[in-house]
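A short worksheet on the structure shown next.
Letters A, B, C, D and E mark the chains in the order given here, with residues in each chain numbered from 1 onward.
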Amino acid sequence: MDIKISEVKLSEEQAGKWGLVIDQDICTGCQACVAACAMENNLSFVGEEDSGYGRSMHWIRIERFWEGEYPEVKMTPNQPMMCQQCGSAPCEPVCPVFATVHSEAEQLNLQVYNRCVGTRYCANNCPYQVRSFNWRDYERPEPLPNQLNPDVTVRRRGVMEKCTFCIQRIHQAQDQAKAEGREVVDGEFTTACAQACPASAIIFGRVDDPESLVSQLGRRSHGVKHLEELGTLPNVTYFKGG
Amino acid sequence: MFKRLFDWLIQPLGLIAVGIAVLAVFSLAAYGINYTQQPPEQPIQFPHKTHAAFGVQCLYCHPGAAKGPSAGIPAQAKCWACHQQIAKTQTSVLLAPLKQAVESGTPIEWVPVAMVPDFVQFNHRAHVAAGQNCENCHGDMTKVTVAQNPQVFNMGWCLNCHVKSAGDDQEKLVKLSDCGTCHY
Amino acid sequence: MTESKIVDLLAVFPDLEPAADAIEHLRSIGVHDGCMNVISGIPVTEAMLGRPSQWTNVPRIALGGALLGFGAGFFLAFVAPYLYPYPIQVSTQSYVPGPPAVVVLFELTMLGMLLSTFLGVFLDSFFPNYRPMKYVPEVSDGKIAILVECPYGDEMKIIDALKKSGAESVRPAEAQHL
Amino acid sequence: MAEKKNHAEHAHGEEHLRKKHLMLDPLPRGQMNAMVMESMHTTSWKFWAVFGLLAAITAYGLFYSWGVMIAEGLGVAGVNRPAYWGIFLVNTVFWIGISHAGTFISAILRVFKAEFRRPFTRAAELMTTFGLVQAGFSIFMHMGRVWLSYWLMPYPNQRMLWPNLHSPLSWDLLAITTYLLSSTMYLFLPLIPDVAMARDRSTGWRKTFYKILALGFRGTEGEWTHLRNAMNIFAWAIIPVMFSVHTIVSWDFAAATRPGWNSTIFGPYFVVGALHSGMGAVIMVLAIVRGTMKNMKYFIRPEHFEAIGKLMLIISMTWAYFFFNDYMVQWYGGDKWTKQLLHFHEAGPMGWMWFVMLIFNVAIPWAVLWNRKWRSTPWIVFTVGLLINVGMWFERYIIIPISLSINRMPFTWRLYQPGIEIPLGIGTLAFFILLYMAASRLIPLIPVWEVQEGQMAHELKKYGRETVVTVSELE
Amino acid sequence: MSEKFSRRDFLKLAGVGAATTAVLTGCGPASRYVKREPYMQMPEYNYNGQSTYYATTCRECAAGCGLIVRTVQGRAIKTEGNVNNPLNLGKTCARGQATLHGLYNPDRVMDPLKRNSRGGESTEVMDWEAAIQVVADALKNNKPEEIAFLMGMAPDHLFDLATDFANATGINAPVRFGALGMFEARATLSKASENLFGEASLPFFDVGGAQVVFSFGANFLETWLSPVSYTRGFASLRESKTKQRGTFVQFESRMSQTGGKADEWIPLRPGSEALVALAIGRLASESRGGPMPRAFSSVDPLEAASKSGIKLETLEHLAEMFAGSNNALAIPGGAALGQSNGLAVAEAVLALNAISDNFGKPGGVYFSALAPNQAEYQGPASAKEMVELIQKMFDGKIKVLFVHGVNPLFELPTSLEFGGASKYVSQIISFATFPDETVREADYVFPDHHGLESWGYQRVTTGSAQPVLSGAQPVVSPYYNTRATADVLIAAAQLAGGIFAEALPFKDEVEFLQSKAASLMNAADGSISAADINTFMAYFQQHGGYWKLSDARGIPNAVDVLNRNFSAEEAQFEGEGEFFFVPFVSPTLAEAGANKPWLQELPDPTTTVMWNTWVEMNPETAHELGIENDDVVKIISEAGELEVPVYVYPAIRPDTIAMPFGQGHTAYGRYAEQRGVNPADLLGQHFNEAGDLAFAGMKVKIEKTGKKQPLSRLESMMGVYGIGLGEE
């Protein structure tokens, strides 16, 4: 194939395309996002033993810690943790078969399930520990498979998976917008977690559009990007609040 | 020279080499046969040829192709809408399953031939919108009776066309060749 | 050439010294160095026997293999990333990553070199070769055998020379299955 | 010193002065050949009992368990989040480490003309090849979809996809493949003359077997020249390959953005670690071979153990040096996660392992190997070698699953408990021994021609009052 | 691939080819053929591969959140909140998301069944004609007063149907019960409201509009009343463009998830809530100046401090905070009300609101808007009323019991002896969708559709300013051989004839719904209106219900509140033991979520435990008793005993232990059965003055068992608690 490729060089400051803003002050830790994600993305449930052994398939988890001791004990603000869709992701270069690559079109970290051979190097190298591995073919007895989302591949054993920012919704919105001859409007669609969140603590949108809601929220002064010091260029901004 | 080669070939190592070569040729042949494999058995020997000859448009029976991801197999009610007015339907042996299905209210079990694997998220609409004709992928239906798959829908085949249609447009190429365009 | 009778002898010597003497002797009666071959159970150098240097292609083949390996590495490291009809970006690394390319070049060069060295031995020595050959098994017990295989006029003279130099036995060489 | 006293006592007896490890008491070559042949032919019921047991363990531990794991998924193993890598990778690194000894002994010692190597080069090289086979098994076991492992190989395909050469795992594949092929070839080349010797002394199926393996080698000048040239090239070229393999293995860890892993010293540290465990394994194998196989007491002597023991001591010191280097820099860096990890190594639930590692890898070798008598005693060095191997296995266990337990997301920290890895690991060990046992009865474990060549090259010469060993420049 | 398409000789060859192809293409499309059944008659609004969205109502709890369900080719794929529904404004909780795992649960009741012996496994499949005959016979062959309906808190339309039916025929008025209502202490709230404001209504607390929120035990972010709506309120308490970040203080002995979000968590001694509330009232009034209201005058803050275990300074600081804001709000709820003095607590806390006089003002206390078509607030039965029903059963006054939407054998404490009483009922007919414990004790089960397969409506009792009637419609056709209970009742009534037939003069459920909705058709201020009922019902289904456009919350009449006397009595605790026992509803499972695998897999928000029950214990207590995480302890109350593993929980009083309610099923499908324990088994027959169960009014003993049962946690014990990291 003699097709020319112009080498795309990413600059350090390059903004991503899609991003999340998470307000930990109003996140109540209710797990609605976790359930929504599971339902949208065909996540397997793994049962008591495996889930207690660090094998649960949550693409998003809500972290909380404790500060102080009784009676001055405080629960730290709930911290939903999902793939940060790094601009410079440590998980990508280590995959020997290009199963996790950077999407030039959507500026996301892709996980190509059918290419994955299961070395799990990406998960080791993910500073956020947000990748889940299909340790087994987890059973979904009939008729539970009726619920599976046809837009999302059902993963089998031996494959790594992770949050995709609901890329199927991104594609669907873009496809719809294109069919109608317009651009995707901010807020036209959102990820499953953001859509479910009763407190609206998760907001999804274009971070490269200064007018979008996420950009506006992201410009508030006290936002934090986790482990930014590693140079991962994460696309999720956290507000601890308080 | 030839004798030497021959001598070498009858050595055990030479025989192994011969074996590998034979196996390779055999596999290639098998692959070739498989490539042009027979279509699956269908409940009705549906003649696409005949329908196309009557001027029935693809999108009449498969309207989903212009509207969404799946082109779809028409409901038997759609078949019946025309066929109940055609006298031959009552008598034809080939059409008996249709008649029976409609009368008994059981669905006809078709076997789709043009399939992509589960891990490929294919959308007809985008392809139709981009000006692709049905026959570009599905072959000329005016020539076939039972639908056949003219090519293996593999990734190289998809990509070839994607890259070609992007042409010099870098942005389009990036969009069309992104892993995440089809795999998620 | 065709008129001359082929002398085909296998002489077995108990040690290195007599063998070296025999070679000298043979040479003196006009047997060409190319017509003699020494078979031994341990490597004896040409210098020990006073024989001309043996030509070997192994280093050249190794070099060629190294170049081929380097070429393969170059292809993988520098060409293959541009063969994609589409850009594959990982992290912010460039398509042709520098340090990893060095690793790939090194490994494939070494692989090419070592594979071809190995093959070189096969090519140079015509391995594998299971046809009948002229050989005496005693060489592995420390004997040295000299194989004379040449068009030559006087067979007796050669046998004489070999015997005189201390050959334990001299017999017509016969190819046999090893 | 005792040495001096011996001098005085045996000033006249040449036989007492010879360096035994140079084997300056040559037997007739035919006899040596016969001894080696005999050692190959001799099997007792004990041999077959052990062989059968190991075969059963291999069948269950390696093949059946692996089949189960392929069918069920990696869930039957103990890997989890965050310890995505477990004993499989520990074993991979361990076996690659073992494999380093063969190359070290036969290539480095050959290059440096350390003459005492001759009798046991093959025994060590066999370990290289068989060790790498186990490493290969271990690394393929570890893959989630091993049936797609061919995707790691570069080959033209309709997807127009090549492997990702950015990934240390791709380098691993290249390096391990290169090393496995090279070491197998390097094992094979010097084997040809010995197999030819065996061919001349065998009948029946063995004759056919050796005939095929000997490739028609006679020992002509040309054949020897090509062989020697090739072996020379191999001896030099395989050394950088060996170093590269374990360095690249270490990059699997060092290139990752993880606390405790991201260390520049990992390359040499791993190489030395590999040699450490490799030499330990060599000495164990030699002790067993000497003890169980017929006629081996002639070829493998306490003096050989003594020489290897010295090497082990040096390597142990080097390992300690690198370990301290790594520890010091990580400790001084002060990164909170690294600090947490170092603390976890020592005081965590598996802290005992950290101390055992140091005792086995440093304290015991230092305490034992300085003594010439002790390091000449087979059972002592065998024990030390065993402990070093345990210690080095612990070292890898600490670096992989234990270090993986601690990361930058404390919410996910979790311990690793091995599952089916245990039968699989035992399976690789059994398979290694099984292969070795089979090989010991199929190919000459002693490179007879090399020993004979050495014996020819060495001589005793008297300088003044003393008789010393000299080596002629044969090669 | 092979046997499907050809049996020719070259098959073997092709097999090799297929393997090659599979290798070359990476298991390409050629490797398999499947059969597809197209629609027989495609709905015209549907295209292959495209989603259809239906509005309906969530039935996981009784709050009545609107859902939009995405369906593809007749399969329900995903639930989202209905953006138009004023209650949840497009949001859902985790249970709403997981409702699909109920719909497609492998353990649903698939056919009408007759159980051969109560409690036994063996059943016979019936057909629906026979089933309806059974119901008709039950109606005909018994005196009306011997027939009773026991119903859940949802759906409302069926309750209305049963009520109408009962009123017309003279059978017992249907009793509604739900464990959520019991743990929310709804009866206490409405009773307190009646006592204070003269109206037995359900108060609504405008958390979002407040500046300072004091919650006494109300776990409004989890399961309390309407968690989605209250969470929205909480979000605007914290993040609002128009005002400062509000402060939130939670008073409870065990930190709930709601308490975890509080700025200050005050671990008061259980039972002292009323005292503390009044003390804060007193101190706040002092801080505000002016005459001391009579309500607070008799309280001694010092005594309150010592009895509650809160420092006086803390009380003063809290009082200042409360007094300092014009927008302070106090909420009573949850465990604070489930004590012997629960009513007093509710009254005292409600009285606190009088200090900032927030009644009927933004950020204050309202009466929940009554749903359209609703004349007055109707609460579910309190535990006491359930005891009355159970007594009737014991007395043999009830011959036939119809059960729908509730699982009394699981949800009611064992000590209330529903199980024992049911033996005196000659015929129990359950309409459950899932084979729960009550189904196992029922003679017949005539399964209702799942909520997503059903018609109906649900009145929104609280949470929305506007009156809302959430509408339900089937989003998929019934998966199993189930039938709507309303249809069964209507058909049975017709079959029974006489007054029964007259009482339900409908063709089917839909006609009944139309009759109920008819009055809304042209009502003023409605979100939809139509000229004819069919159009109206179409709109009703399309929009997911009907709601008024204006705020209809009631304003409590609180003139006299501060001049009343309030009891500062502490609660009485029953049982011998050193620990206060606080059961709470699992925020993820609630009372009926245990059969949904993904709800089981959701970590509990506070402990991150999945798939099990635990008991929470203060680290200090655990240390003293020599108990570690995952040690199984025996908890003994006067009513029973349980064995349960310990979760050492840093935010609970040392004299208190807490357990989640939601697990411990003995039936209810493979994901729920034999998993965890049910804390209701420990609860005794004790009630507060309003008749609600004093579920938090027990004291229990703890015994070590020496067993260990590791709890499955999402969190890392090492990373979060430093357990197993080694000594520093």
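Quick note on the criterion: a residue touches a chain if its C-beta (ideal position, glycine included) is under 8 Å from a C-beta of that chain, and two chains touch if they have at least 3 such contacts.
All values derive from a computational prediction rather than experimental measurement.
Taking the definition of touch as given, a chain qualifies here only if it contacts chain A and chain D alike; those chains are B, C, E. Of all the chains, the one whose CA centre sits at the greatest distance from that of chain C is E.
Between the chain pairs A-C and B-E, more C-beta pairs are in contact across B-E. Here the chain at the heart of the shown protein, by mean C-alpha position, is A.
Chain geometry summary: the mean Cα position of chain A and that of chain E are 30 Å apart.
Inter-chain spacing, taken between the CA centroids of chain A and chain B, is 35 Å.
Centre to centre, using the average C-alpha position, chain B and chain D are separated by 54 Å.
Chain B and chain C have centres, each the mean of its CA atoms, that are 57 Å apart. Among the residues of chain E, those in touch with two or more other chains are 24-26, 49, 714-715, 720. Each of the following residues of chain A touches two or more other chains: 1, 3, 8, 53, 61, 63, 65, 90, 93, 95, 98, 101, 104, 114-115. Multi-chain contact residues of chain C (touching two or more other chains) are listed as 83-88, 90-91, 93, 97, 128, 130-131.
Touching pairs of chains, sorted by label, consist of A-B, A-C, A-D, A-E, B-C, B-D, B-E, C-D, D-E. Partner chain B is touched in their complex by these residues of chain D: 157-160, 212.
Across the complex, chain B meets chain A through its residues 69, 117-121, 123, 125-126, 129, 163, 170, 173-175, 178-181, 183-184.
Those residues of chain C that touch chain B in the shared complex are 85-88, 128, 130-131. Taken together, the chain D residues at the contact with chain E in this complex read 148, 150-151, 157-159, 340, 343-344, 346-349, 351, 405, 409-415.
Interface of chain B with chain D (complex): residues 12, 154-157, 159.
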